[in-house]
Every structure is written in structure tokens, then in C-alpha cells.
Amino acid sequence: MALRTRDQYLSALKQMRPNIHKFGEVIEDVTTHPVTRRVVESHARGIDAAHDPKLADIFSTKSSLTGEVIHRNSSLMTSPEEMIYNSKFKRKMYHLTGSCTGGLCVGWNGLNVMWSVTSEVDAALGTDYHARLKEWGLGFQKKGLIVCGALTDAKGNRKLKPHQQADLDHNVRIVERRPDGIVIRGAKHMICGVAAADEIFVLPGSGYGEADKDFALVCVVPKDIEGLTIVEARRPSDSRELEQGFDIPTETGITQAYLLFQDVFVPNERVFLAGEFQYTASILTRFTATYRACIGACVAGQGDVMVGAAALIARANGLSAKAFRDKLTHMELNNETTFSMGVGAIALGKMHPSGVWLADSLTGHANKILVATLPYETKRLCQEVGGGIVETGCMPSYADFTSPDYGHLIQKYLKAGAGSAETRARVARLIEWLTIGAGVPGCMHGGGSPDGARMVVFGASPLEEYAGYAHSLAGIQEDLPEPAK
Amino acid sequence: MALRTRDQYLSALKQMRPNIHKFGEVIEDVTTHPVTRRVVESHARGIDAAHDPKLADIFSTKSSLTGEVIHRNSSLMTSPEEMIYNSKFKRKMYHLTGSCTGGLCVGWNGLNVMWSVTSEVDAALGTDYHARLKEWGLGFQKKGLIVCGALTDAKGNRKLKPHQQADLDHNVRIVERRPDGIVIRGAKHMICGVAAADEIFVLPGSGYGEADKDFALVCVVPKDIEGLTIVEARRPSDSRELEQGFDIPTETGITQAYLLFQDVFVPNERVFLAGEFQYTASILTRFTATYRACIGACVAGQGDVMVGAAALIARANGLSAKAFRDKLTHMELNNETTFSMGVGAIALGKMHPSGVWLADSLTGHANKILVATLPYETKRLCQEVGGGIVETGCMPSYADFTSPDYGHLIQKYLKAGAGSAETRARVARLIEWLTIGAGVPGCMHGGGSPDGARMVVFGASPLEEYAGYAHSLAGIQEDLPEPAK
Amino acid sequence: MALRTRDQYLSALKQMRPNIHKFGEVIEDVTTHPVTRRVVESHARGIDAAHDPKLADIFSTKSSLTGEVIHRNSSLMTSPEEMIYNSKFKRKMYHLTGSCTGGLCVGWNGLNVMWSVTSEVDAALGTDYHARLKEWGLGFQKKGLIVCGALTDAKGNRKLKPHQQADLDHNVRIVERRPDGIVIRGAKHMICGVAAADEIFVLPGSGYGEADKDFALVCVVPKDIEGLTIVEARRPSDSRELEQGFDIPTETGITQAYLLFQDVFVPNERVFLAGEFQYTASILTRFTATYRACIGACVAGQGDVMVGAAALIARANGLSAKAFRDKLTHMELNNETTFSMGVGAIALGKMHPSGVWLADSLTGHANKILVATLPYETKRLCQEVGGGIVETGCMPSYADFTSPDYGHLIQKYLKAGAGSAETRARVARLIEWLTIGAGVPGCMHGGGSPDGARMVVFGASPLEEYAGYAHSLAGIQEDLPEPAK
Amino acid sequence: MALRTRDQYLSALKQMRPNIHKFGEVIEDVTTHPVTRRVVESHARGIDAAHDPKLADIFSTKSSLTGEVIHRNSSLMTSPEEMIYNSKFKRKMYHLTGSCTGGLCVGWNGLNVMWSVTSEVDAALGTDYHARLKEWGLGFQKKGLIVCGALTDAKGNRKLKPHQQADLDHNVRIVERRPDGIVIRGAKHMICGVAAADEIFVLPGSGYGEADKDFALVCVVPKDIEGLTIVEARRPSDSRELEQGFDIPTETGITQAYLLFQDVFVPNERVFLAGEFQYTASILTRFTATYRACIGACVAGQGDVMVGAAALIARANGLSAKAFRDKLTHMELNNETTFSMGVGAIALGKMHPSGVWLADSLTGHANKILVATLPYETKRLCQEVGGGIVETGCMPSYADFTSPDYGHLIQKYLKAGAGSAETRARVARLIEWLTIGAGVPGCMHGGGSPDGARMVVFGASPLEEYAGYAHSLAGIQEDLPEPAK
């Protein structure tokens, strides 16, 4: 069985040890608890999609290892075309769910990046990480798992390296090496889609030197592994998820969790790096190149939904969507920009000898900078089309909308153009959710900050080569070096 | 007594009829109920400020009518300097409260605009509106009231005029004229600061023609007048206002209400326009000119707080605020732009024969367009400085932060640079509140949409005059008219 | 001989009939005349590059028709990889010449587009255009020609279609059909690189209906064909090309010509469409998709030179290039954006049954919008780094720089940081040339206006599909159609 | 005689010693030489305007010293209203001339700034600069002079202070102090409007410390003073000024000169600072505050002409100006932004005890940043409206336009919508001149660079005060200081 069904997926989640918390309480069943049911539904739609004939080309593929049909999120991307499907997959997931792809994103990328890196580590150091990874990967494909990924450490003081922190646990680290595995401690913060995942791909949060070798670790753990406590973070207007009615109008959503590893034992077969610090830079570089190429598709996909929602609210207000043609075109331009720029970064990539495709780092990171800016503009335009009720969701609550005393008046006065008062309120709530509510994905800092991307763009651009072109074109006969300090 | 004290203010609010609702329930005491206590505190700080020697020049002035010291929000602005104080007042209010000035804004402007308009109506039509207004204004000053203002109607279908609506009540209208007053019905939407106000200044939401003369009405009513039901709208993360802890870290805030007028009787002495439709365009033009000039100070003041919060979060993360100098400078530039552009619109205004200053319409509306765009950029920059935890407020809840089971771990891992984990969380929550939470003021559509402002800019710019300059400079000898259709 | 040498190229140009004019005079030898020698040098560098081992992979390839090595500009692009080379070719040409690729661009694209279209015309209508084109294409490849391309008609009144114009010649048209060919009349405006080209690929300037079928024509003519008068347009500071010294510091450049066809006979073997109006829309769509995908590389390449020039002027001013790191990074971001977005449009394209690759229209056109905006920002940043002397080229002329009376003073005072006064002046003149001088390529309107691109973006985006996603996510139960007019 | 006439002005210029050069030659009569006649015409229009009843309120005023009517450019600005007239004056000058106000700008500001500073110097040091300045100022007013101003030094290496330069002459300095005056040497670069001026107001180019006290000098010299050699700088397409026809369509224009002071003796009565370095920072701060407040009006005025030119070219192309309503509105917004923001900076200023108004530094400098960015956008929009012929002025030359051989064809094909081919060409040339030609004023670096303005904005914004607001609102109980290095 490679293509798991929704039912199989949900019952797997139900059987896990309850170790997820929010609002001070443990969540017994993530598939039904109001705090997590939406993120589970999002992922379930990603599973359904692999069974949908219209979407199967995006959501499933043949395994390069076994030839069997598998869910695409467990595939090795062995060509630019297959990596472009990563982008298409994410854009479509946003169409289906309105928000972040979560657990269908990072584990996939982690498998691919570590596929290339473990082959190098093994070749250089005689380790057997690649074989372990392949074995685990075959299970990933066969069981049709959802594997979220955890990079961002708690970090502590941003000026200091991991081993310089007053509290060494601020970055996840190996506290004990045993013959049969390692013991890890520390925290990973703001991890997407954990509640809906089967397993967690743990990756280093930065590139490390020798002094930080205990932080150079890669492994995959079951979500409910002993010693792991998970606490879900808040999101804008998240308390509404506990309420009745349509003030959160979607059945879908995303979550971000804090993972607290308290001396968790990970057996060797799930460990894919343990101290080989000199490979952490490659892991980061390759991970972020692909991630930042493809994240352009995420914000494009959410932008598409905003375009559609803007059209709907115009009509609900009594106007034609075409009256906002300029703004809609601008939103569409933003969407296509980050999407196709990311596809360009993929096409400009190269094949790794291990057989997986690597996206281009320079243009992938350039894309991330736009991902951190253009969606703010798209949201603003969407709010501008929608009017005051969408800007800050400025409508009475569902409880007021249905009040026996004055609910009829709220409804009387919210009715405007096409559709009922409820329809108008639902569209407005959707735009609120997308632009200033729980549906806003953390795309500016997700996968690293834009300033980090700017550093890569500056560092990877060949400044002296470009200076040489100018030098030659201007007919200059002498050197023009940087001034001495 | 012209300068009311905080205690006098609070006890006046407590004595009013409870007619404000949220979440399906009536609010008995707005000064203590979690839904409204923050907006009341914001306004109370505006009252305190008039008693603070360091702020008294901004928050108090001498009445041009009586020579007595009054709260500035009840003053007639009889010179550009006094209107610039309107801007300074708003910027400072944001410093003190972090969000919208609410009830200290629109009533003030309404008094001034109607001062000029009623003098024209009376001169032309022999009415006595100006004397009524003066009488009411003297009370406003003497009692030191807070008077919010209501312009935006429910509107209904945006393509149709008020008298064309299927439901005539979609715009507030006169349903009956009696010898001693008028009866009004309809709804005003998204009205700021009502819960903290003593009275409500009702103004037309648009300029009207003769067919809409029943909608041409101006009056001031006590907030708890019979027949008026008030329902507070939601705001992002507003449910947190009902929670314990610091997930909303401020003691201040803003609210926006829906006002449902069900055949409310307004006595003549409080009616300042009743059917004289031909003056509604002037009301709108003058109101928006001043409002949009001064709203630049609102977003500047909130931007100042974001600059400060960005500096704090940098330090809490372990970094120097100066590491973000470029971004802070950009934020400061945005703040000074809307502030000083608004002051420019004031300085370019003119004196009305009735003795009040009118801001320049063209540049006031131009400012509004920037008010609808630059703050989005400022918020983005603030989120960029702050990192992932501020972008969507991605931290566990206060209940988790203080959980006996794992709260110590959350705190251990949220600690980063200067200050405690709680301090870092509080700053991050403040930025969340300012940029994607309940503190976001509705400045894009508040006081009218940017597209409306663009229409004014295009309409008020003398295109043919400018074409004439180009025509002359290019040495052209023939006419270049617009093509026939 | 497929890879022509520089000498062969130059002597071919010298042998042509002199039919190019500027400043009221005919140009006898385009290779030496100051008005055209720079554009010829630019193209000669493109020919040299095919012989340069370091550049040969970009500038040469194997013919898909004959297997011989050919100059890449005559190739059929039979895969996305080959079309990406079109982008790389253009970016590199800008590195080598500082400005527009001219005659090495449009003929190449024309061959590819017509390869696909003629195969369709022939299949549907039984014509033999494809065979004619193949025959001509083999000569293009074998002779190593440079073929510029002409789309933009004089157009006349922009509100009217070609057949509605008062003067039918405003768009190039067939005025006579003979057994052995056609006679054409009209003007093509603003055609790049004509002076340096061997032949001209004439294509329709728009998509046409039946009433305009005489304007539906495609052919290739020798540049010096009888009846064709060519007049070069002005460019900023073009008179300096006639002066001594380094006020234009480059040996390279671009030109744009007006082509005046006065009843030019074109024999059948050079005619590839003659009246089949129903294919003109496809020609335009396919041409602009590729062109607008790849033009992102043009402005990226020029932007690279600006990055380099900015680094040099900083040093010549006495500063480190790194002092302008933020601005340089922003410039680099703009360059990589249009480049990789264009590559993305290529990768998102599809194969035509005739064997050539077609770029994606939606994202190609989206790229054009950015090409019309981002370079203005890049130029501004370059001018900002350079200081006052680069902003408007504010330095005395070469004649003053070398004046026996006061030239030593000019030189004394222009000296600043690294390098001589002449070096500083040359870099400053290069930046002037790139940002506000003769090197500015017409990239906003070249290949069509950004508003045209916006129409494609809006038209090609599936608005109703996006509305459907929002409709579904918001849980709406009724239709929300566009309002009736 | 206070209001000089055009004839008086022109004959004064004719009588001066010819010391202005361009293209290696001396200019005998600046009023007729093609290199300088346009800038003289521009200034003559400024003189005419004072006699024009419709413009006299802007261009003339009553002297605060004598009560006589004077040209406004020699006035002391004793109130915000009078300083706002400085802005209005500049905007109107651009309407009349299309480009920079030149000699009607800096001398005026210099007089006002030195009015305040000399009063302070005298009070502190017992000098008599203020009396000297007043005496000179009375002559300025009485003779109706045009006094350009010179601040920007040659500077040399940007990393070094004046006294650290290898060549001390790189900044203008006192080389000898005599009982009756001082001798100065050095160069001032890029000085606007010198050719059209009577005198030159020399001011320091930066704030200086004691080691640079020889550079702390202020004086006014006649333009043709012995020892001063003037060389005009190039501007884009400036050679066209020597040509026949309308390729430069305007009769007006601007110039920028290099002033070479070779041991120039300045008598004491024209010296207003000579070594009192401690006042140079005040001079710079006050000068730039006003200058940068008012420069917003300059770019607004040119932007107005671009709005008009855009409307004309649309019509000449056959379209309605209203088809470009969005773009025109955006251009108008940019114009009103820098204009009214500058007026705001004036209104936020304060009175100096000496009786002149000083603009606000923070907002004045903030305005400068926008002046360095928004006009690039306005130009881009203007080029976008105009189409390909305006983008780079892509039309044949006047010589070609009137060629006996093919000029009729050029005219035939340039004709499009309303008006003749010549009219369309003239409008297109005007837009070229305004956006990429000789009419482009150097507003990015004129009066100092935007990075300098950014430093002022950051420095003048009270970061810790803003941090305090955030600290208080977030309810934080501990200090959050900057980290130790």
C-alpha cells in the first residue's frame, strides 16, 4: 500500500500517544479537537488529492526506487520537472486548503537533501548514513507517511553560537552517544504541521563549525516518541477555532508547534548525521535553495485564493469584479512572479551525482526576498478591494449575527449585493483569515529570514566579474581596487 | 468644569443605559467589562493627558468661545496652528495607547465642519442650525465630553444610491419629522470608540442629491438614547481580551461598533441638518479633507510605537537595535511622510468665513492614499526585524507559558537576549497586536477608501492647466483636444 | 562555413547598398561611420564570442537540421534547455557590449515562432510556407547571418485598426500580389540593430481579423533590398557619438531604425505568410511569450554591468564598494528576478508538434511587467551610489577636460579616490550612458507595452477558478455571479 | 528700482566679463550663445513673472527691511507663509520653464540662513558679519539681482576630511587673510544656473571642525570676479542645444557649472564667515532643512508638466488622456506628496530670534528621500503613457524630419492622432527632455545625497523615546538596554 487513504491516515493519527498541548491542556484526539482538526483536514485533503484523477499527476508519482505509485511527498526529485512538481504541489495545496502545506513540505525536502549529503558523508567518512536513509525512505514511500520537518532551534541569544550559549539546550544537541543510538535534548520552535504528521524530520538549524559538532545532527522520529512534548503556538484569532459558527469560515488551517526534546533516544537506523559538522553548511544551502525556490508557489497559491476572494467580495458588495481589474492584475502579477521565479531557480539548478536535482541557490534565495515582501502587497490589495469589513474583520461575531434579540438587524444590514448576509460575511471572514487571521502563513521568516537570503544574494553574485565588465566597457587602463581600510 | 477628570469620566460612563453588546450579550459596565475596558482606558489616558503638565499644550486649549481652558477635543480650530495640534494630538494618543484615537477624533472634526456648514445653510435658507450647534458645542466644551462620530452607513448595494436600495434603511434616514424633532432609522457601521464615548455625532455617509434628501441629516445623540442598539464588531484576536495573561499585553485598545437606530427620536436642539441635501457634499469634502490630513498623524504615531517595539525585540533577541538601522530609518521615513504631508495639507488650507480653518482637499486626500499603503510596509519591516515569533505571534499561549507541567520549558526556550522570557514574549505580543492583532486600526478604509481619495486627487488636479504648460514648453502651435468618442 | 568570422561579417556589411541615413545624410560604410560603428562592434563581439572557448557553449550549438556547428542565433530551440540558452546569450551579450543585443535577438525568435506557425498553416491550408522557411533557415545557419526583426508598425491612430486608418500605409501591407512574390509598403518603427544586420525578419505588429488580411504578412528581406529606405532614430546624447574623446566611453552600442518600405518586391521564397490573418494572433502570442521571457535576461545583463560600474565609481570616489552593500544587493535582486522569472516562463512552456519549444505566455508576460519597472529602480540605485556626477553626467566635456587653458584644473578637481581623473570620468560617463544616455535600451516598450502584458496576465489568469477556491473554502452555499450591467 | 525688467537683466549679463566656457571655448554673450541662452531665458521668465499680475503674489513681495516691493527671491522669509511661497515659487518656475529654478533658489536661501547664523556669530564673537550681510542684502533687493549659490566642493577623496586631502584645494579655502579681505582657492562643482546669475553665494559644503577652519568660509562674489574660471558641465543630449530644429523643443533650460577659484580676492564687505568653523554645522543644517523642504515643490512642478505632457502625447497618439487615468493619478499623487510634505516641514519649523523662519530638519530631510525616489517613478509612468517614441526619444532627427529626400515619409509615418506629425514629435521630444534629456534636474544628489538625509532622519528620530512607549504599552517591568559590544 503506497497511496494511503484518508481513513487510514486519520486512524493512524488517533492511535498515537497524546503529546500535543495547547492552552495548557493535552489534546487527546488531534483529528477532532478544535485546535488541531483543521490542520488535519488540510493534510487529509492532500492525501485525498492523490486519489483524485484530476489531481493525481501532481499528488502522486512513480517511486524512482521501486517503480510503485507513491504519494509525491515521499518521492526523490530526480529531474527539474519533478522538482517543478514540488512547486505545483504547493500551489495546489493552497488552493485546496487556503494555507500552509505544513507536513507535506519539509520532510520531502529533507529526504532529498539528505539523499545527496549522506552519499557524500559516506564516501568521505565511510559511514552508512545513506543506506539507513534509503531504508527509512522506502518505508516513508510504502506507508505513505506525512513527515513534517524541524530546523529552527530555540536559538537563545542571536549573537552567540550554540556552544557559546549560557544554556546549551537552546539548540537541539546530542547529549549522549550510545552504541544503538543517540540521546537528544533541546527545542525546535515554530514547526509547521506537526499535529497532522506521522513523523518529524529533525535537521540542523544552521551551518556549524567543530566547536558546535554536538549540534550537527539529523534524524527522523515518530511524532509521539517518548520524551517529546509538543506545544502548539498561537496564531491570530486562534481562539475562534474553539467557537461555534463561521467566524473562522474554513474547515482547514495550519498550526505551528514548539517541540521540547527532553533526552529523547533515537535508534541508529533513524540517525542520518551525528557530529559530522562539516556537512551542515551543505545541508542548509541545499535545503534552503529548494525550499526558497518552491515557497514562491506557496504564496502564489494563497494569492490565487485572495484573487478569487477579492472577486467574490466585490460581487457580494454589489460590484463587478472587473471594476477592480487593475488591482486583481497586480495581485496576479505578484503570484506569478514568485511562482515562476522559483521555477526558474529550479530550472537553473543542477543534478547531484547521487541522482537528485538541486535548485540554484542564488536565484532561490532571491525569490525568498520577494516572498517576504510581495504577499504583503497582495494582502493589502485584497483588503482594499474588500472594503472596511475585511480590513480588520470588522463585523459582529457569529453569536451576534444569530442573536435572537438583534441578529436579524445585523443580517439586515450586512446584506449588500449578490448573495445573502451570511455569504457576504463568510467571504469577508475568509479574507480576514487569509490576510490578518489564522490563515496567514509565516512566510517571511519561515525557512529563514529575508536578511539571510540577502546575504546569499550578495555573496553569490560575482561582484568583481561584474566590475570587470564595466571596467572593460569604460575603456579604463588601470586597476580600481577596494581602498585599504 | 471644563477639564473633566478620569473619575468623572468613568462614572459618567457607568451611569449610562447598557445598550452595548458583543458575543451575543449586553455589557453592563463598559469600564470594567473585558470587551470594552481597554478602549475606555485609552480614552481615559486622553483625559489624563490634559492634566499632565508635559502634555497639556497638546491636550488642552482656550475656548475661542468662552476663553476658558477646555479639552482640546472640543475646540474650534481657528488657525492652521490649532489644526496642526489635531495632528499632534493624534500622534501622541497613539504613543499613549498604541491604537486608534476613537471618540476623541470624529466628534471634534464634526463640530468644526458643521460650524462652517451650518453658517452657510442658515445664511442661505434662514434656518437656525448654527445657533443650535453653538449651544450644543458650549455644552461639549463645558462638560468635557467625548463625542465619537458616525458617518459610514450600512450602504447596501454599492452600485445603488440610498433611495434606490431595496431596503431604504441601509442608510440612516429621517422616517418622521415632528415639530419638536426628527425620528431616524438605519445603521451606521464600523464606528470607532463608541463604547468609550458620551455622545455620538451622526453625519451623512456621502454627498446626496434631492432624491436622497431624507438621508441628509446631521445630529448628535447621547450614546444610550432610546432606540439605539449597539453591537461591537470583532477585531483580530479579540477573544484574547477575555483571557488571562499577557497574550494581549496592552491595557489599552480600540473598538468598532455597529449602531442600529430603530426609530430614534432626536429633539430639534440636537439636529443640525435635516433634509438640506445640497450641503452634504460640502460636509463630506470638508470632513474628509481634515480627517485625511490628520490621519497621517495616527499612522505615524502607531509607526513610532512600532519603531520602538522593533528596537526592543532586537535587544530581547540578543541583537543591537542599530543592526537594523536601515529598516528603522525606513519605518521612520514612512511615519514622517504621512505626518508632515498631513501638516502640509493643513498649512495649504484656508480660513472659512465662520472662523474655522479648513484643510486643503487635494493634498489631504493624497495623504490618505499613502496612509492606505505605507503602514503596511512599516508593519512588514517591524515583523522583519522581530523574527518568526512576531510575524504571526508564533508563541505558546499564556496558559502554556505558565503551565505547571511544561511552562518552565517554554520559558527556558523563549529566553534569548536582554530581559526575561516574559519580557521577550510581551514585546513580541505587542508587535503581533500592532501588526496583525487587535491593535491594527482600520486605516485603509477608515474615513473612506483610498480609491475615493484617488478620485479626488484626479478630479482636483488641473489636468488641462498642466497640459497647457507642456503645450507651451514644447512650442506647439495647434490645439490638442481629447478625441471625440 | 557556419561560424562566420568578424572579418567576414564586416566585409559583408561593407558590400551592401548604402540605404541607411541619419542626420539627413546617407551612411556609406556602417562599419566605420561614427553613427553606426558602435552597433556593428557590438554585433561583431557576438560573432567573436562563438569562437571564444569560454563562451562557445553559449554562442554556438549544433544545428538540429544538419548537425553542423552553427552560431546559436540561427538555431531552432528544441528543448527548454536550448531556450534557456537564449536567455543566457542575451545576458552575456550585455556583459560584452553594455547594451541591447539587437540583430542577434528577433530574427532568431522569428525563425522559431514561424517554424511552429508555418507548420500549422501548411497543414490547414495546403500552403508550402514551412518548406520555404526551412530552406531560408538553412541558409541563415550556413551563412552565419545576423537577422534583425521588425514588428512594430508606424500604427497611426492608436484607436483604429489598420484598415480603418486614414493612411493605409501606417501598417506594412501587401499592395500587390504577383505570381513570383508580393509587393509591400509601409513603415516599421524603432527596429533594433538594423545597421548591423544582414537581413530583416518582417513580422506582423498585431493580431488581425479578416478586414486586415493585407497586413498579415511575414517575410525576410536583405537589408539593402531595393525600395527600402532606412533612417536611424536619435538616442539620448547620440550627438556625442560624432565627437572625439570619452564622453561616450564605450566602443559598443545600439541603434533603432525607421524602415520605410516603398513598394518593395519580396520573392515567394522569402514570404512565409501572406494574408492568412487567422494565424497572426498565434504569431504574436508565441513571439511575445518567448521574447518577454528572455528580455528579463537583457535587463539583468545590463543590471550586472550597473552593479559592476557602481562598485567602480564607489572606489573612484574614495569609498569601498561594500559601503553600498544594501544597494548593490537590491540591484542584484532585481537582476536575478527578471532573469530567473524568465527562465521559469521557459521551463513552464511546452513543446510544439513541429519540434520547437514555446515559452509559457502568462508568466512570460508577467515578466515583461517587471522588465518595465525594475530596471528603473536599478538605474536609480546605480545613480545613487555614484553621486552627482553620474546622475546627469554632470562633468565638463572631453574638450574641456583636455583644454590647454583650464583642462589641468578640471582634471585636478575630478581626481578623488582610486585611479586617475580620467578613470573616474570614464566610469561616471559609463553610468551616465547606461542610465540616462545612449546605452539605455528601450525595454519598457520594446517588444510591446507593459499594459499589453497586463492584459495578457489578467486574461490568462483563471479568475473564476480562483473564485471557486475561495467559494469552497468559505463554505458558501449559493452562487455569487457578476452583477448584471 | 527693485523689480528689474527682463531688458535690464539681459543687459547686465551682457556687460559681464566672459569667463564661462563649454566645449573648450569661451562664451562671449551668455544671453545669445546656444549653450547658455536657454538657462538665461528660464531666469528671464522668473523676472517677467514678477511683473505679471497673475503671478505677482508669488514672484514679488514687500521687503521686511525697507517696505518696498522686491522680487521675492531676495526676500527674508519671516513667517511660515513666506517660506511656503518659496515652495510655490519653485513649483511655478517649473511650470514656466520645465526645469530647475537655478539661480533663483540658492542665493535666496543663503541670505536667509546666514541672516540667522551671522546674528549668532556676532553675538558670540563680536564680529560684524550680520551688518555686512544686511548691507549686501539691501543691494540684492534694490538691484533685483539673481544670486546663484555654491556649496558642493570638488571634495577629493570621500573618505577624508578637507585638511586630510592630498590636494588641499579640493575644498574651497582661505589661502590668505588680508586686512581688507580674503583670498580663496579651490573648486565648487555642479553649480546650477551660474550662467544666468549676477552673483554667486559661496557657502561651506559640509560642517567642519577646527582642523578645517580654513574651509569655513561664506562670501558672495560677482560672477565675473577676477580669478574665477567657470566651465559648464554636460547634460544629457546637450549637444542638441547647438543644433537647429526642435529636437530640443524648449526655449528654456538649466545648466550646471564647475567654478574654479584661482586665488580670488574677496573684500571684507562681501565676507560673512571666515574661519568660525563652529557655525558651519548650523549653516548646513538650516540650509538643507529649508532646501529639502522646498525641493519637493521643484519635482512636483516638473511632475505637473509631465502630467500635462502625458495627456498631450496620449491625444497625439490617438487616445484619450483619460484612458491613462490611473497612471496620471499616480503621477499627481507623487507630485502632491513631495510638495505638501515639504510644506509640512515648513509649517513644523520655528522662528529664529533674528526674525527668519527655519524649516523643520527631520521632516525636511525625510522629504529629500522621497524627492530622490518618487520622480523616477513619475518619469517611468510618463514614458509608459507615451509609448516607444518617448522612452528613449526614438525618432529620427530634425534633419531627417525635414530631409528633402525622405522627410515627407518620416512625417507621414509619425502622424498618428490629434495634431500634426510635428506636434506629436514636439510632445515626444518634450517628454524625452523631461525624463531622459537635458531637462532632467539633478534632484537626487542636488543639495546633498539621500543617504545623508537618511542619516538625519535616523539621528533626529528619538529612538529611545519610541522604545519607551512600546516598553510601557507592553507592560514590561525591566530595562531592555542595547547589548554591550
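By letter and in written order, the chains are A, B, C and D; residue numbering begins at 1 in each of them.
The criterion applied here is as follows: a contact is a pair of C-beta atoms (placed from the backbone, for glycine too) under 8 Å apart; a residue touches a chain by one contact, two chains touch by 3 or more.
No experiment lies behind these values; they were computed from the predicted model shown.
Ranking C-D and B-C by contacting C-beta pairs places C-D first. Set against the Cα centre of subunit B, the chain with the most distant centre is C. The distance from the centre of subunit B to the centre of subunit C, with each centre set as the mean of the Cα atoms, comes to 52 Å. Look at where the CA atoms of subunit A average out and do the same for subunit C: the two points lie 39 Å apart. Mean C-alpha positions place subunit C and subunit D at a centre distance of 38 Å.
In subunit C, the positions touching at least two other chains are 159, 318-319, 417, 483. Interface residues of subunit B, counted against subunit D in their complex, comprise 80, 84, 95-98, 246, 249-252, 304-309, 311-312, 315-316, 318-322, 325, 328-329, 332-333, 336-337, 339-348, 360, 362-363, 366-367, 369-370, 417-420, 423, 426-427, 429-430, 454, 457-458, 461, 463, 465-471, 473-483. Residues of subunit B that touch subunit C in their complex: 159, 326, 483.
Within the complex formed with subunit C, the residues of subunit D that make contact are 21-25, 152, 154-160, 167, 169-170, 187, 189-190, 229, 231-240, 243, 247, 256, 258, 260, 262, 317-319, 372-373, 376-377, 379-380, 383-384, 387-389, 391-397, 399-400, 402-403, 405-406, 409-410, 412-417, 432, 436-437, 440-442, 444-446, 449-451.
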